[in-house]
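Several structures are given next for inspection.
Presented sequentially are two complexes of chain A, the first with chain B as partner and the second with chain C.
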Partner chain A sequence: MRPSTASTTSPQAAPEQSGGFFRGRGFLTLLLVAALLWSLTSLSWGSSPVHPGGLASIGQFFQAALRPELSAEFLTLTLSSAWKTVAYAVAGICLAVILGFPLGVLASGVLARRWASRIPGVAAFRFLLGCMRAVHELIWAWFFVAAVGLSPAAAIFALAIPYAGILGRIYADILNDVPNPPLQALRASGASETKVLLYGRLPMALPDMLSYTFYRFECAIRSAAIMGFVGVGGLGMQIQLSLSDLYFNEVWTLLYALVALVLLVDLWSSWVRRYLTS
Partner chain B sequence: MTRNGQRPYPIVRLEGVSKRYNGSAALSSLDLEIREGERVAVLGPSGSGKTTLLHLVAGMEQPNDGRVLLAGLPLASMSAGPKLSELVGMMHQQLDLVPHLSVKHNVQAGRLGRWSLWKSLVSLVSLREREMVERALERVGIPEKLHERTSHLSGGEQQRVAMARLLSQQSRVVLADEPVASLDPARAEDLMHLLVSIVAESGKTLIASVHSTHLTRKYFSRAVGLRNGTLEFDLPVERLTDEALNRLYDITPSRA
Partner chain C sequence: MAFFALACASWIYLLFVADGGFRELFRGETWRQAGEFLGQLAGAGVEGTPTFLQWDEWLEAGALAYDTLAMSVIAMGIAGVGALLTFLPAARNVATGELAASASFPSRALYYLLRGLFIFSRGIPELIIAMIVVFAFSPGILAGAIALGIHNYGILGKLSAEVVEDLDPRSARALRTSGSGVFQMLAYGILPQALPQFLTFLLYRWEVVIRTTVVVGLVSAGGLGREFLLDMSLFRYTDVALLLIWYLILVVFVDLTTMFLRRLAR
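And now, the complex of A and B:
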């Protein structure tokens, strides 16, 4: 199950349009292709897209893919920085859930029964969530590194804030989209909106919310790795160090570790999602 | 019907009630009085205003004109909440249980109006008023389903859970919108019997929209016929004639 806000534009899901060419998919495709071509011509390419000597570098880089650095010393370093990245991601996503859940409930406006008392709160908290996620985690990271120095706290906060913004927004949407009749029945038995949230909305929304949180956890692993680029450690920092020394073999070891990590989380989360939806 | 112990006011009273949706009238100036302990079947073709009538009595919708009184008090003066839930409980055709919760939680939900927020929260983790929940499930004949997830139950079983929730709510008036519409005749009869005996045992009032005239004659004390939002007849079931029903559903055998 996916939250309804995740777009459902997969080609199989969309029904075939039968109304003429201009309303159909063909026209839209043509329009998008034209836009792409126009955007390519508007870039300044210089004489060639690849600078002199660049081709050789690319060759070296991809040759190194077959010979990743496998010395025990470097593998230990890879493992410990992978561990650090995972730790950042876990701590960051946990903090994001703790922040995002109450904000999401407030931004959904489900606790207010009347329209008039609902609008200002919804607008304010949606705006707050919007601000939190409008700024990329990397920029938050620079900000926090400047504020608290190169400590794990900087990485975790930098991750947690935009992710809380994303999670809160999606939680709010999921809570709003819960089918209404069971909620009406709870109200009819005298339940306040808070009790309706506890007894109706949350139980019905929880599978979708958890599933989306797991998806975001996957993204958090990648973000946590990138976070290393600002110097707080983890896979990203090692990748950057090896890259600037042109040790491509080391870069590949680290990249493989990152891929393995994301795949593992993906397996775990799909297992959990299957368990939740069955 | 027990005529002794009469209360000074009818439990449900509609005074010139009208309800319009986007300009078209669902009910027009309806007057109706229902005394405690009556079992009223609301009959009529689709779109005649049966569901609207039930929703107005449940306080789920407000009339455009006229007023609804419950136990002598105007419904408009009561906000939705504990007080209203002690007076009326409603069961819908679609049951409206929370499918992700276990049966026990759906039964407990009938008590939410009376419980504090804290008790409601705790009840999600550990069963409150266990005896009440078990008794209600026993009464509807599915005591073994206590811990089961509601979505895993069959349609008929879910119907029973909805009744158990009404039992735990203990409202004085029970409203039921087509409570057995989607079931086969034998099961429909079973469940109607169960619903009516639950209501009768505790001297509650039942108002239900019903399709079957057979069930109406067998289980109800009074029949109210609605057509285009107006009252077509209001009779004790013994005096409910086939002509009256034919007029209601506009079946004219002579014309054939």
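And now, the complex of A and C:
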């Protein structure tokens, strides 16, 4: 063990590899438990958290799980709204890649060779990406609706901006983590940084970038579904409509469709990832 | 690849079949409206001081931000404790007895049950869970935290069960062959390898959850989200700007905290 200044606990009490209770997992666990206890104090314990009769309606809701609405008419509606959700998600993720890729390259700073020209650019673009992804897609959607009105384009842009923020940041990290020796070889043979990027970094980084994009695609399906809250069609809006009419059977049909969709994309993306990384 | 076919189909649908509203993007009117909206956020055309320049309004919104932070922590508590209790039986190698536990019928049934639960709670977005939760719970921090907790329980459970499935099984087998019981094997052979990963996932999800608390607040729960809903509906855009600032402060705070905590987990 390294000599520790922070703690006098015995090694038995803190069996972490790198010195001291305050730098180990025991301390982390303590912090997490303390945070949880603190958060519980902010609840109002006086009033009952459950509605009178609320449990009964939850019971009704779960009973409806066994009897989803299966009329042909409603199934067609479910399918068409599922397709809308998929279309928004796909279009959103396409735009996110188009936006996120150049931003990611700029934020990784691989195009500049000298430190002085690299640092400001990296800081600026990382900050920009951070701002894009800090605001949730639904909030973006609401801003778009408030600013330019309700349309699928608003939902797609709202989806694309935070996703571009996430993708760009991950792309930048992946591009920075590419092993250096092959790049040095390219530089030694006189390639500019742009050429190093095109012929060295990108071919090596592409499988990881694609596999992360596919993982995000699964998340995009869920995000596209909740765009219904601001009035854009799709599974989320139908769920909201059926739920406010208390048609629990319909809600369950839609929920099953949504879960099936997410599961399908999950299987597809894990298949693609295995194919890409092997 | 199949994805490109899907992408083409989606774009064709959005551009030509459904009225996607993309044509309006290229009209000056749309851009003027967007500019106007941004101006309103910054306080143009408001009588009196914009909200984000008043100190007591800052404090008021700060109290809401405090509630939001508490909501995210409770949600992570629910998700974390739930996942911690169930991720072992949900791992395939534990359930089928590959790790030298016995492959009884109940443990297999439990495996499928838990995996089904993970899929459902993970597949349904937290906003929709929140809409359902408010049927039973009175709107407030707890309702939002439960909704967030359920959704993240599915994600955490799935991720950590997969960690157990990919573990190096040798230490567990060694313990088993030297005569330890099933629980000793799990506690000394598997958990020490899996828990650091679990903590990393927990912290990573917390970063996501703090962004989502606002969204859950929209339908039911307290905190910044409900106030956001009110202010947006009443066109009090300078209030919205203040809430947005507090929201960004929260996000940055949580990002920095998890960065520090992650160093501890390593």
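Criterion: the second predicted complex is superposed on the first by the 249 of 278 C-alpha atoms of A that agree within 3 Å, B and C clash if a C-alpha of one lies under 4 Å from a C-alpha of the other, contacts with A are read in each partner's own complex, and residues count from 1 in each chain.
Assume a residue touches a chain if its C-beta (ideal position, glycine included) is under 8 Å from a C-beta of that chain, and two chains touch if they have at least 3 such contacts.
A quick note: this is a predicted structure, and the numbers were derived from the prediction, not measured.
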{"item": "Side-by-side fit of chain B and chain C on chain A, or clash", "value": "fit"}
{"item": "Dominant contact partner of chain A by residue count, chain C or chain B", "value": "C"}
{"item": "Touched partner set for A:L206, first chain B, second chain C, both or neither", "value": "first"}
{"item": "Which superposed partner A:A225 touches (first chain B, second chain C, both, neither)", "value": "second"}
{"item": "Touched partner set for A:G190, first chain B, second chain C, both or neither", "value": "first"}
{"item": "Partner chain(s) touched by A:G24 [first = chain B, second = chain C, both, neither]", "value": "second"}
{"item": "Gap in Å between nearest CA atoms once chain C and chain B share a frame through chain A", "value": "18"}
{"item": "Contacting residues of chain A [partner chain B, same complex]", "value": "181-182, 184-192, 194-195, 198-200, 203-204, 206-207"}
{"item": "Chain C contact footprint on chain A (complex, rising order)", "value": "23-25, 27-28, 31-32, 35-36, 38-40, 42-44, 47-51, 54-55, 57-58, 61, 83-84, 86-88, 90-91, 94, 131, 134-136, 138-139, 142-143, 146-149, 151-154, 156, 214, 222-223, 225-226, 229, 236, 239-240, 243, 255, 258-259, 261-263, 268"}
{"item": "Residues of chain B defined as touching chain A within the complex", "value": "58, 60, 80-86, 88-90, 92, 94, 96-101, 105, 109-115, 117, 120-121, 124, 165, 169"}
{"item": "Sites on chain C touched by chain A in the complex", "value": "2-3, 6-7, 9-11, 13-14, 18-22, 24-25, 30, 33-34, 36-38, 66-67, 69-71, 73-74, 76-77, 80, 119-120, 122-125, 127-128, 131-132, 135-138, 140-143, 195-196, 199, 202, 211-212, 214-215, 218-219, 228, 232, 244, 247-248, 251-252, 261, 264-265"}
